[in-house]
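Both complexes below contain chain A, partnered by chain B and then by chain C.
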Partner chain A sequence: MIAEAGHYALVLALALALIQSTVPMIGARLRDPALMTLARSTALAQLAFVGISFMALVALHVMSDFSVANVYENSHSLKPLIYKITGVWGNHEGSMLLWVSILALFGGLVAVFGNNLPLSLRANALGVQGWVSTAFYLFILLTSNPFLRLANPPLEGRDLNPVLQDPGLALHPPMLYLGYVGFSISFSFAIAALIEGRIDAAWARWVRPWTLMAWMFLTLGIAMGSYWAYYELGWGGWWFWDPVENASLMPWLAGTALLHSAVVMEKRNALKVWTVLLAILTFSLSLLGTFLVRSGVLTSVHAFATDPTRGVFILLILCVFIGGSLTLYAWRASSLKQGGLFAPISREGALVLNNLLLTTACATVFIGTLYPLGLEVLTGERISVGAPFFNLTFAPLFVPLLLALPFGPLLAWKRGDLAGAAQRLYAAGIAALVAVAVLWAWTRGGAALAPLAIGLAVFVIIGALTDIAERSMLFRMPLPIALRRARGLPRASWGTMFAHLGVGVALIGIVCETTWNSELISTLKPGDVAKVAGYELKLDAISQRQGPNYGEMLAHFTVSRDGRPIGAMTPSKRSFATRGMSTTEAALMSRGVSQLYVSLGDTAASGAIAVRIYHKPMVLLIWFGPLLMAFGGLLSLSDRRLRVGAPKPAKAARGLQPAE
Partner chain B sequence: MSLWFVLALMTFGAIFAVLWPLGRRAARQPEGRESAVYRDQLAEVDRDIAAGLIGETEAAAARVEIGRRLIAAADAEEAAAPPSSLRLRRAVAVVALVGVPVLAGGLYLRLGTPAMPDFPLASRMRAPAGGQSLDQLVAQVQAHLEKNPTDGRGWGVLAPVLGRVGRFEDAAQAFRNAIRYDGDSATRRAGLGEALAGAANGVVTAEAKAEFERAVALDASDVRARYFLGLAAEQDGRPKEAAAIWRAMLDKAPPDAPWRPLVAAALARIGAVAQAAPDGASAKLPALPEGAAAAAQGMSEGDRAAMIRGMVDRLATRLKQNGDDVEGWLRLARAYMVLNEPERAHAARDDARRALAADEVGLRKLNEGLKALGIDG
Partner chain C sequence: MTRKQRRLTMIGGALVVLAIAVGLVLNALRDSIVFFSTPQMVAEKHVPPGRRFRLGGVVEPGSLHRGDNLAVTFKVADGSNALEVAYKGILPDLFREGQGVVAEGALDAGGVFRADTVLAKHDETYMPKDVADALKKQGHWKDDYEKAAKPGKPMQGASR
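Entry: the complex of A and B
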C-alpha cells in the first residue's frame, strides 16, 4: 500500500501542478484575486503530495521492499540504514524525485514567505514554477518512475553502487539540488516579470533572498562534491574538470554574476534587462546540468545514470524551457524601461566588470564541456577536454577578476574614485608583495607562478578586510567606537567580506596543493617504511574485516615525524560481493590545514601492496574557502534589508499605515 | 485501511486545496507592495547617514532617486483590484472537481499496480526462507575468497555448495580454483564435471566427460565419476556400455551404499530399453524418474537436476522421432510441469496432439491425462 499510495500522491501532485500552472496566471491576467491566491494553496498541496511520495519511497527503501523495481535495483537488505536512506537519491529515479521534491519545496516556501510580493507577481511566478514542475512530473512518471513494481519480487536486491555508499553522498546531492533548483525561483520571477512587462528595483530585492539561498546551497554542494571525490575516488584529486563537475560550476558562475548584478539593479535600478537574462541563463544552466548528468550523454566517474532513452525527454524539456524563456525575453525585454546611468569607474562599473568576467568564464566552461559532445555527435570522434584547456582559459579570466575584486566594495556608487580606492588598498598591496617576496625567497627554484598567485590571494583577503576596516573606521577612530561602528554595519557588508575572504582562502589552498603537493607511489610489505615530506609511514600490518555488506582489507600505518609517532592511519579497500565491485577508502590525517593522504592499490602475489601516499599542504583551505563564502551568504541573507515588506501576518496592519 | 480509501482521501485533499481559496469570498489578501520596498530603502539611507557610511550629498541624491521610484510605484498601486468573478471561480471549481480525479485516476490506473500489496523484508523474513541464509553464507565465503583468492581449501568448501544451489558456472570456477591452489583429487574432478554437466542442463558434455575420465584415472573407485560416465554413454546412445559401467558399480558396492538405489534405478531403466528395443528406434519409452527420483533423495541437488534433465531430454528426443505413445507424452508434460517449465509443457501438449491426431483412442486418453495435470486447454 505504501508503494501505491506514494505513486498516486505523485500523480496527484502532477494534477495540482497543472492547475497551478494555468489558473493563477489566468487570474493574474484578469486581475482576479481569488484565482491568483489559488497559486498559494496549490503550491502547498503539491508540496504535501510530493512530500508524501518521497517519504513513501524512503520507507520502501528502509523496509527493503523488493517488489518495487527501484528498491530491488539499488538496495540490499544488509545495507546499513543510513545507506538505505541515501540510496533513495543515489539512483536516477530517486534523484529525480528528490529534484521535484525540492522544486515543490521552493514553491511552497514562496507560497508561505511570499507575503511581501504583489499578488500578481506571486501568482505568475508560482505559475511558472508549476510549468517546470509539470514537465518534471511527466518526465518521472513516464520515463523514470520509481514506483514501478515487480510481479515476482526477488529475495535480495542488487545493492547500491559501492562508490556511492558513503556519508558524502548523504549530503552532496541534496545540497547540489537545493542549489540547482533554488535558481528556478529567480527564473520564475524573471519570467513572471517578462509576462507582466514590468520590472524595477523592488523586483531585485524580492528575488535576492532566493538567489542567495540557492547560491549558498550550490556553493556548499560543489565543495562537498569536490571533497567527496577527493577522499572516495582515491586519487587525491579534488577537481577533475569532469563534465558533471562543470555542469554544477556553470550555474554557480552564472548565479554569482546574477547575485552581483541584482545588487546594481536593487540599488540603482540599472542593468535590469541583463539581470533578467542572467536569471534565465542561470536556471537554464541548472537544467543543462541536470540533462548532462541524467540523460547519460556523458560517461564519467559519476557513472550512476546511463539511459539514453530518457535523454530525449530531458532534451525536450530543455528546449522548451530554455528556448521558450529566451524567446519570451527577446520579445519582451525591449519593453522594459532602462534605469539609472553611471560612470565606468564606480561600484556599478566594478560589478559590470565582475559580470563580464564571470559570464565569460562560464562560457569557457560551457564550451569546454559541450564541444567534445558536439564533436562526437557530428563526427563520431571522441575527444576529451581536460585540465590544460581549462587552466589556459579559466585562469586568465580569474586573475583580473581577483585583482579587481577588492576594488569593487571600496568604490562609491555612480561615480567612484579609483585613486582613492587604490590608496585604501595600499596595505593589502604591500602585504601581497611581502607574501610574494617571502615565498619567492623560501621556495627558490620552485614554480615561479605560485608565489604570485598566493600574493594575489593575500591581496584579496586583505582587501576584503580593508573594506570592513574602512567602513568601521578602524585605525582612524578610537577602538571602542570603531567596534561599535563595526557592529552597526549592515550584515550584508559582513557577508560580502566573508564571501570575498573565502575566495582568497580557497585560492591559497588551490595554489599550495597543486604546487607543493608531494606524492609517493610504492609497493610496501608489512614492516616497510615510506617517507613523504618529512613524515615516515610504517606499514605495520594488513588485516581483514567483514563489514555489513562488504569485506574490507585494512592496512595499518604508524605515522611519525622526526622519529616521534604522531598517529595511526588505516586506509582500506572494500569489496562488495553483490555487485562484484570494490572501493578505496583513503585514510586522511589533518595536520593543521594540511593533510596526509594514503590510499591502497592492488595487492601483489607476494603479499606486498601498492600504496599511494600524498602530502597535501594547505589542502583543507580549498573547502574552507567555500564554507566562508556560504557563511557570508548566510549573513547576507539575515540582513534586515531582505526582510523588509515581509511583515509577519500579525504586524501586517502596521505595514499598511502610511509611513509619512 | 484499504488502499482505495487512502487514495480517495488523498484525492479529496487535493480537491480541497483547490476549492478552499475559491470559497473564501474575496477576503483581502495580505499583499506586498513595491512602495514598501522603496520606503525601506529611504529608511536605509537614513540609517547609513546615522552610521556615517555615506555623506549628506550622496544621501540627498539617493533620496531623490528613490523618491521618484516611490511615487511611480504608489501611482501604479492606486488602481484597486477588481472583485473576483463568480463565474470564473465556479469554472475553476468544476475543473478541480472533475479534472483532478479523472486525470489522477486515469494516469494512475495506467501506470500503477493497485492490486499488488507491499512486500517488505520483515514479512519475507517470517516466511520460511532457508535459502536466504545459505545465500548469505555463500556471499560471506565468496567475499573472503575475493580477498584471499589463493585459499584453495576455501574454494573446495564453497564449490559443492554453489553446485547445490544451482550456480553451476560459479561452482565450476570454484572447483577449478580449488584444484589449482589446493591440489587435484578425484572428488574435485568429479565435482567439476558435475558442475559442467549441470551448467549444460544435465548433458554430459565432452568437457565434462573429460573431467570424469580424469577423476576415474585418479581414483578408479570414484562413484560419482563412474555414474556420470555411464550417463554419458547413455546420452551418447550406447546403453549397453552404460549398463556395463553401472552393473560393475553395483557389483562392487557395499550393500548399504547410499547411492545404490539410484544406480539400480538407472540400470533398470537402461535394461528395459536395451531388452525391449535392441535397435533402439521403436523402443518402448524409458520410465521417467519416479523410481529414480525417490532413489535420488540422497543425491545432491546438482546430481538430481542433471539426472532428471538427461532423462527428460532423452524422452523428448524419442517422442519427436516416434510420437504414438500416449503415456510417454503425458510423462514428458508432467516432467516439464515438475521442472517448473509450463511453456515447454504446453508445447509438449501441442506436439502430442499433433502426433496423435490420427489415433482417436490415444487422443482421448491424452486429453484425460492432460486434464489431470491441469494443462488442458
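Entry: the complex of A and C
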C-alpha cells in the first residue's frame, strides 16, 4: 500500500513537472501573468508529491518491508534504525529519488523566495527546472523504480553494504546532492536569461546566493566523503583521484569559478556571457558526475554496453541538456549586452585569471577522468590514470592560482595598482619566506618542495588576513576605531577572508600529511609494543564482541608518549554474516590537529595480528580548510545585500516589460 | 584600453594558460599512465622487468602463502596463464582466494611480479572492472557484475 502510494505520488509529481515545464513558459511568451504564476504553485505541489514519495520509501525501509525489491536488496531487519534510514540513499534507486527530491526542494525554494523576481524570469527559470525534473522522474519511473514489488517476498533482506553502514554516509550523499543539484538553479536562471535575451546585475545578485549555497554544500559534501574514506577504508588515504571523486571535484572547480565571475557580474555588470556559460558548464558537470557514478560506465565500458537501459537514459539526458543549453547559448549569447570595461590589472582582471586557472584545472581533471574511458571505447586498450597524472597537471595550475590569490581582493575594481597591492603584501611575503627558511633548516635533507608549498600556504593565509586588516585600517588607526571598522565591514568581506584562509589551511594539511606521514606495518602479539613517531602503542588484548548485525574483533591498545600513558585506542574488524564481508574500523586519536591512526589486518595462525599504524601530522587541517571555506560561504550568504535580495524593478514594468 | 584591446589581452592570456595546460597534460599522459595486463598478456608480450603495470586476474586457490613480517605471495591466474605475485603488507579486507584482484607494480628479473599496491573490490558480487573485462574477453566469465554503482569509493586497496 505504502509502496503503491509512493509510486503514485511520483507519477503525479511527473505530471506536475510536465505542467511546470510548459505552461509558465508559454505564459512568459504570451505575457500572461496567470499562466506565469502557475510556475509557483506547480513547483510547490511537485515538492509536496515527491516529498510524499520519498517519505514512503523511507517508511518502507524503516518497516523492513521485504516485499519491495529495493528494501530486500539493501536492508536487513536487524540493521540499526539510523542505517535503515540512510540505507534509503545507499543504493541506486533511492539515491536517484533523493536527487529529484532535492531538485524539487530547490524548485520550491525559488517559488517561495522568488516573489520579488521579475515574473517572467521566475516563470522561465522554474520552467527549465521543470524540464530537468521531468527528465529525472522519467528516468526513475522507467529504469530505476524503487517501489517495485517482489512476487515472492523473502523473510530477510540482503543487508546494506557494510562499508556504507557508517554515520559519514548518512550525510555525505545528501550534502553532495544539495551541491550538485543546487547548481541547477544557476543553470535554470542562465537558460531563462538566454530565452529572455536579457541579463543584468540584478540577475547576478539573484543567482549568487543560490550558487553560494550549492557551493557550500558541495564543499562540505566532498570534505565529508574524503574523511569517510580516510577512516572507513582503513588505509589512511583521503583522496585517491578516483573517477567517483573527480566527478564531484569537477563541478566544485567550475562552481568556484562561477561564484567568482558572478561577483564581477553583480558589481561591474561585466563578464555576463562568460558567467552564463559557466553556469551552464557547472550544472553540466554535475550531470556528468551523476552519469559517471550512476550509469555503471566506470565499472566497465562493457557493462555499460551490455545493460544499457540506465546508462543510455542518463547519457541521453546529458546530451539533451548539455547539447541543448550550449546550442541555445551559441544562438542567443550574442544578444546579451556587453558590460563595463576594465584594465587587465584590476579586481575584474584578477577574477578572470582565477576563472581561467580554475576552469583549466577542471579541464585537466576532466581529461584525466574521461581519457581512459574514451581510449577503451576507441581502441580497447585499458589504462589507468592515477595520482601521478593529476599531481603533474593539477598541482602546477594551482600554484599560480594560489600565488595570485592574495592579490585579487587588494586590487581595485576597474583599474588596479599591482605595485600597491604587492606593497601591502610585504608582511605576507616575508612571513612566507620565514616559514620556508625555518622549515628548510628544520627538515634539512628532507623533501625540497614541501617547505615551498607551506610557504605558499602561509602567503595565502597572511594574505587573506592582510585584506581584512587593510579594510579595517588596523595598525593605521587606533585599535578601537579599527575594531569598529572591522565590525562594520560587509559580511561578504569576512566571508572572502575565511574562504581564502581555508584554502591555505587545507594546503598545509595536505602538504604535511603527504610529506611527513610516518607509517608502521607489523604483526603484533598481545603484550607487544610498536613505536611510531615518538608514540608507543602497546597491544594489551584482543577481544570479541557481538554487534547488532555483525561480529567484531577488537584490539585494545594503550598509547603512551615518553613513558606516560595518554589514552587507549581500540581498532576493530567487523564481519557481516549476511553479505559475508568484513570491514576495518580504524581507531583515531587526535593530538592537536595531528592524528594517530591504527587499523587491523589479518590474524595469523599464531594469534599475532597484522597492524597498520600511522602518525599523520596536521591531517585534520585537510578538513578544517573546507570547513572554513564553507563557513566563509555562510557568512557571505548572510550578507545584508543578499538577504535583501535584488532591487525590484519599477512596479509598472513588472512582468509586462518587452524582452528587449 | 579599448574593448578590442582588452579582449585581445584576455584571449592572449587564456591561450597562454591553455597552452601550458596542454603541455602539462601531454607530458603527464606520456609519463604517468599505467597499462593493464592479464597474466596471459604478460606471457605473450614479454613486458620488460621494471616497467610498471597493473596486473589483473583471479587469485589462484591454494596459492596464497604468508611469509615472515607480512610478506605474502600468491598467484594471479586468468584461466590460461598464472603469474607469481609478491607483496609485503596488509591485504585488503576483500582479498580472497578465488576472487578478482588488481595488483600494481613491476616484474623483477626473476619474472615475479613485485606489487606495491593490491586492490580488491568492496562487494562480494563484484569484480574489479579490468579483471571482469579481461576474463569476459577470454570466455572465463559467468556472473554478472552490474551491481556496481554504489556511491563512494568502490575500490579498496592496500599499498606500501
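Rule of thumb we're sticking to: the second predicted complex is superposed on the first by the 634 of 660 C-alpha atoms of A that agree within 3 Å, B and C clash if a C-alpha of one lies under 4 Å from a C-alpha of the other, contacts with A are read in each partner's own complex, and residues count from 1 in each chain.
Note that contacts are C-beta pairs under 8 Å (C-beta built on N, C-alpha and C of every residue); 3 or more make two chains touch, one makes a residue touch a chain.
In this text, all values refer to a predicted model and were calculated from it rather than measured experimentally.
Look at chain A after the overlay: chain B and chain C fit there side by side. By the document's definition of touching, of the two partners only chain C reaches A:R579; chain B does not.
Contacts of A:R294 after superposition on the shared chain: chain C is touched, whereas chain B is not.
Once chain A of one complex is fitted onto chain A of the other, the partner contacts of A:P344 are limited to chain C, with no touch recorded for chain B. Residue contacts after overlaying the shared chain place A:R382 against chain C, while chain B stays out of touching range.
Using the contact criterion defined above for the overlaid structures, shared-chain residue A:A404 touches neither chain B nor chain C, since it reaches no partner. Shared-chain residue A:A333: touches no atom of chain B or chain C.
When the two structures are aligned on their common chain, the gap between the nearest CA atoms of chain B and chain C comes to 13 Å. Against chain B, in their complex, chain A makes its touches with residues 1-5, 7-9, 11-12, 14-16, 18-19, 23, 26-27, 30-35, 37-38, 40-42, 44-45, 48-49, 52, 60, 63-67, 77-78, 114-119, 122, 141, 145, 147-149, 151, 153, 155-156, 200-202, 205-206, 268-269, 340, 412-414, 471, 473, 485, 488-489, 544, 546, 550-551, 553, 575, 577-578, 605, 641, 644-647, 649, 652, 655, 659.
Residue ranges of chain C in contact with chain A, taken from their complex: 1, 3, 6, 9-10, 13-14, 17-18, 20-21, 24-25, 27-29, 31-36, 54, 66, 69-70, 89-91, 93-94, 122-124, 129-130, 132-133, 136, 144-146, 148-160.
Of all residues in chain A, those touching chain C in their complex are 89-92, 95, 161, 163-164, 169, 172-173, 225, 228-229, 233-235, 240, 242, 244-245, 293-296, 298-303, 307, 338, 341-344, 352-353, 356-357, 360-361, 363-364, 367-368, 371, 381-386, 388-389, 392-393, 396-397, 521-523, 573, 579-584, 601-602, 604, 610, 612. The part of chain B that touches chain A in the complex is made up of residues 1, 3, 6-7, 10-11, 13-14, 17-18, 20-22, 24, 26, 29-34, 36-41, 44, 51-53, 58, 61, 65, 69, 73, 81-85, 88-89, 92, 95-96, 99-100, 103-104, 107-108, 111-114, 116-122, 124, 129, 131-132, 135-136, 139-140, 142-144, 146-148, 150.
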